[in-house]
Amino acid sequence: MNKRKICVVVASRANYGRVKYLMKAVKEHPQLELQLIVGASTLLYRFGEAVNIIREDGFEPDRKLYYIVEGETLSTQAKSTGLGIVELSTAFEDLNPDIVVTVADRFETMSTAIAATYMNITLAHLQGGEVSGNIDEKVRHAITKLSDIHFPASEKSKQRIIKMGEDASRVFNYGCPAMDILKNEELVISNEKMAVYGGTGKPIDWTKPYILVVQHPVTTSYGQGYEQVMETLSALNRFKAYQKVVLWPNIDAGTDDVSKGIRIFREMNRNEPFHYFRNFSPEDYGRVLNNAVCCVGNSSSFIREGCFLGVPAVIIGDRQESREQGQNVIVTGYSRKDISDSIETHLNNGRYPRNTLFGGGDAGKQIADKLATIECFKKKRITY
Amino acid sequence: MNKRKICVVVASRANYGRVKYLMKAVKEHPQLELQLIVGASTLLYRFGEAVNIIREDGFEPDRKLYYIVEGETLSTQAKSTGLGIVELSTAFEDLNPDIVVTVADRFETMSTAIAATYMNITLAHLQGGEVSGNIDEKVRHAITKLSDIHFPASEKSKQRIIKMGEDASRVFNYGCPAMDILKNEELVISNEKMAVYGGTGKPIDWTKPYILVVQHPVTTSYGQGYEQVMETLSALNRFKAYQKVVLWPNIDAGTDDVSKGIRIFREMNRNEPFHYFRNFSPEDYGRVLNNAVCCVGNSSSFIREGCFLGVPAVIIGDRQESREQGQNVIVTGYSRKDISDSIETHLNNGRYPRNTLFGGGDAGKQIADKLATIECFKKKRITY
Amino acid sequence: MNKRKICVVVASRANYGRVKYLMKAVKEHPQLELQLIVGASTLLYRFGEAVNIIREDGFEPDRKLYYIVEGETLSTQAKSTGLGIVELSTAFEDLNPDIVVTVADRFETMSTAIAATYMNITLAHLQGGEVSGNIDEKVRHAITKLSDIHFPASEKSKQRIIKMGEDASRVFNYGCPAMDILKNEELVISNEKMAVYGGTGKPIDWTKPYILVVQHPVTTSYGQGYEQVMETLSALNRFKAYQKVVLWPNIDAGTDDVSKGIRIFREMNRNEPFHYFRNFSPEDYGRVLNNAVCCVGNSSSFIREGCFLGVPAVIIGDRQESREQGQNVIVTGYSRKDISDSIETHLNNGRYPRNTLFGGGDAGKQIADKLATIECFKKKRITY
Amino acid sequence: MNKRKICVVVASRANYGRVKYLMKAVKEHPQLELQLIVGASTLLYRFGEAVNIIREDGFEPDRKLYYIVEGETLSTQAKSTGLGIVELSTAFEDLNPDIVVTVADRFETMSTAIAATYMNITLAHLQGGEVSGNIDEKVRHAITKLSDIHFPASEKSKQRIIKMGEDASRVFNYGCPAMDILKNEELVISNEKMAVYGGTGKPIDWTKPYILVVQHPVTTSYGQGYEQVMETLSALNRFKAYQKVVLWPNIDAGTDDVSKGIRIFREMNRNEPFHYFRNFSPEDYGRVLNNAVCCVGNSSSFIREGCFLGVPAVIIGDRQESREQGQNVIVTGYSRKDISDSIETHLNNGRYPRNTLFGGGDAGKQIADKLATIECFKKKRITY
């Protein structure tokens, strides 16, 4: 029997954590063959070369594709999308998959969706139907309209996809496979385990309390990233008793501004307990998040994985606006006062109970099973 | 006062007929400045170099952009989309429009939509919300999700867009500007007027009865175009008493197959009254359609303009499946028997009364007025 | 032992005829492994889909790459070169050849040369060192400067390459492998053999006398192709006693003009004995050339293969200006009078004796042997 | 009278210093109009955004083009070249220059040369004819063969270009315009002037002795950059009495390795007197170089500008192998011992006298005058 070929495109640092357990399940499935394309910032030193982690996990890429046009401006974001389509269409033609799997809502995801669509390949989309601020909102729903099979991460998202006119029999809420990692892996942290990551700034003791900071540029307020991150870091600087773990931002229009802010803050505060990292493996990211006393910024992982783990989260600004969320989240403004007040509230409050709003930890296997049996076809029609 | 800059991207033969009256209205509007980008097949000899007609109409392009990757396979369709994004983003950066206008649902339209989206430019979309077969169905709705302002061509389409979660206060049904041409121009045909088009095949007398044929490849049944067009032309060959006016197909995956079919049929039937054309100006296309005794194929113009004019139309196959339509349309299968039976029915029946289902002929001005006053903003949120 | 991987890039109709016997020799060589990339116009219907002939000859492409940006203007020629580099670099990264082989001087050749150069792959170049008019002159010598191993087709070319500063120990004149076909294949023509090609225009009897016409656009006089080809065809029209075999031009800036000229001439002279073809296999092209009473136009094959076969050739204009040539060639101007006078001279004179100026027919094997043993290295230095 | 349009493409940090005085001369010339395209790493934060300096100097770009595909691998270097051609050809089509000016031998230069060549625009090349190691050697001579007018920087280079078969009447040795800056600007350094550059590492006192370090990756020994730069920095670390000024490397395949080496060295040697900068204006770079007690690495500016200024230079490895040089240069190996021995020798020896081997400081004006009057034509022929 011919195995069904499932091509997963991993095109950003965050992507991998969300599909790792799906990739595992596809690889182990008797009726499925995993094809892996690793592309875009996953290959780049500046973004932690996630490809190395992927390989160490035993996944050998079938293709490595470079398509980030450097600049992190609005137009390079567009150009990267375009170049991605050019490269991915050649790869799809060679690999000839039955189903392409794409995740979330970034421009790299759009490249995958467009290339698969025009090549008449069935497209499966993870994490559709969510609501947020940012340009991602538009892109996410557009990808939903290009997709043939939907694996949203929550019940509300599922209902939203169906309302958009998608065939309800092809929308499945199994939760997000990122939770699978949190459920199945040991989340204790130790200095030994974390020593491989190096990083810059003051040395860190992972067994002591720390606050985690991840702040990405917001595409729709392009140009304000420098001030925004400066407010955040200044707010955090008030909490002298805690170590701070800062992750460099994603590759988006505006990354340079945010990075510059971080770099300048770092130079001016060499003796403060801040530590800066490029990337963690998905498991270690789970550990870092799980053991934080609080997390601050605008990463969607704070809302999703944070919800499952019950980690207190301060979400800054409108990048995640309107996103479904658990009780672990306080949304606040960009000013250092707003931010430090919210952190204060969380610190007084402590950890929250586990919440499976975004999945219970067995999404990967369920999605793989569905991919093995669902009818693949080319034609799709809006339901109304 | 600064005029609002409206950038219209004309990227295919059919596009121009649909926006011409909008371009006119924008150009004449005291608060608007027209920016014109002409690209893709509009510049190509094989597709009739519509750019020449556009210039003769008094519209001088601000940019001419080449981005068709030749091949008309599935992958070149994807690659053309990608290259279009690369070229359009540079042009948008230079021209810096307030609003970009895009039309319909082809891959060139997708290029425009993606480039505008990632450059944070307000996107206005004409002809969203329709339902059809083909890959266009997916693409059309995806473009709706990327667009900020919607100008659908019918009431049902408007309702569908709103159901998809778009803000009802930004969806306007003024009809399709293609009807403006039909209402405002003199549609009498004459041999003098049509002499400029040359074409190949038997000489034609435009004052004598003829049947119009336009058959495009169907992306989702890629590879069957040769047989499909052969059936159509063979069916038409039975109607010896009528001249046949055949247009070469659009640039889509599969165009080569259809073109080859037409070319071989032409060589084998040199003495039959068939005539082959590459392109007409929108007005002349209106004339050709208006004076046809029947039109046969799968062009959406048969359904839309045909509805307004009341021209009997035989729609073959599923490219236009489920599309809203007037009583002038008979939908039929690909076999020569089905086709000739449907033609027969129409010939016995004759012309149909005017139907303004897709607009009453004053869309261009109404859309321009709305573009001049509507709030341009960057943020959009699904309504549920 | 690991075989050395030799990657041949075939990127135009003419390319294939020139490397076929080299590909054969590489494939059969015990120390070599053939990698084949087929790209650009070789894949396109308009240019005869040479890929089909390549496959029928038993060569299965490792990659098929589309990178022609349609338009045949100056800027699309540049863009195709650029897109070619993007596609070829991905392919080279996957295939990881020891040596890349490229041929002649077209923009597709330049794509190959640049991609190989920047990827640090040893580059072998066939047909360097020649002199001609056209933009190819610049490009050919630039490719020589990028190449590591040179296989010119004549002694003068070899000397010119060495004078340009290339290491004489890496320049080898084994002649052009196109002659291998002429020496090793049976060149008798028959109507049966040629029936597969179809073509348009009057039926042809290959056993009766015919003149062969191949006229390409001249990039450096871009815009004059229409008039030029009209003069040529009009000159040929005077020789009513001979059939005329016309090949459609190459894909270059200006192809549309030349094609249009041919198309219009064809429509106006339906009853004259002209026949139009898209492509022949290399062997059949050898047959067509060998059996022509005269060949007219500006194809370099008239000078090279024509020299070996002794076929009278009228070379029009400056595309081949200054090119080394045998006695079978008369160079003439663009006017119909010049052309018909030159044809007349040739017809009175008849065939010329074999001349091995461009090779004796065993180049493929000699080049393959050299590729198997020559030192591959990365560093190159000009010799003065 | 129509002014001749001279389009200068500035596509890297080093480029600008070399053409600044030519741009000035073109701008002030009564018969010339300056068109300026700023592209590639000139726009990038990681490479110091030279575009800001260009603007502060009063040159407003006509186009800003992003075409660096991130990754700094061999294949991204190729892809950047390709994407550059795509972008530049569109810009050239819009700007329609009479002459395009390009400088030196990097991949961005190749993009410019190819785009101009295929668009039939006269190409003027600065700094051709030189000899060096690295892939640049190949590329530089290939660009010479694509160019129509040559402005080499030394007499030997001029002779080499002519030997390569270029028309001697179109090769002009006016020296390198980089010397114009050194001759015409005040080269005294001060802490006030230099305060704008920030940088990281230990604070620097510019009035105290320092050694300048610039080390780029070497494309032909791709993968060894990390070790190479570590040796260099370790050698420098022995000279505790001197401050060290380190510039980040150019964007080339291998940049990531070198940058990583510098970053790790920096983290491990926080208290040593090293200071790290991204970019200087050309004048300030002249100042930094002029006031260094010694310069160490593989920048060609050490050989050229260093020669004019008489600054002792230690050139490491083969990137500049065989390059013409003055007595200020010691060439040495990659080991820390070789490097520190060579520095020692220079420190004992002191400064060298001015040497005008690469120009006397008035190249810009002479080149502009020649561009105003030389015949522009399209056709070029090798001279033998």
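A, B, C and D are the chain letters, set down in written order, and residue numbers restart from 1 in every chain.
The rule is short, and it goes like this: a contact is a pair of C-beta atoms (placed from the backbone, for glycine too) under 8 Å apart; a residue touches a chain by one contact, two chains touch by 3 or more.
Predicted model, so just to flag it, every value in this text is computed and none were measured.
Of the two chain pairs shown, B-C and C-D, the one joined by more C-beta contacts is C-D. Set against the C-alpha centre of chain B, every other chain centre is closer than that of D.
In this assembly, the C-alpha centroid of chain A lies 51 Å from the C-alpha centroid of chain C. Rounded to whole angstrom, the centroid-to-centroid distance between chain C and chain D, based on C-alpha atoms, equals 39 Å.
Residues of chain B in contact with two or more other chains: 75, 79, 83, 86, 90, 93. Against chain B, in their complex, chain C makes its touches with residues 43-46, 66-73, 75-76, 79, 83, 200, 256, 259-260, 263, 267.
Across the complex, chain C is touched by residues 74-75, 77-79, 81-86, 88-90, 92-93, 107, 110-111, 114-115, 117-120, 131, 133, 135, 137-139, 141-146, 160, 163-165, 219-220, 222, 253, 322, 378-382, 384 of chain D. By the touch rule above, chain B contacts chain D in their complex via residues 63-65, 83, 86-87, 90-91, 93-94.
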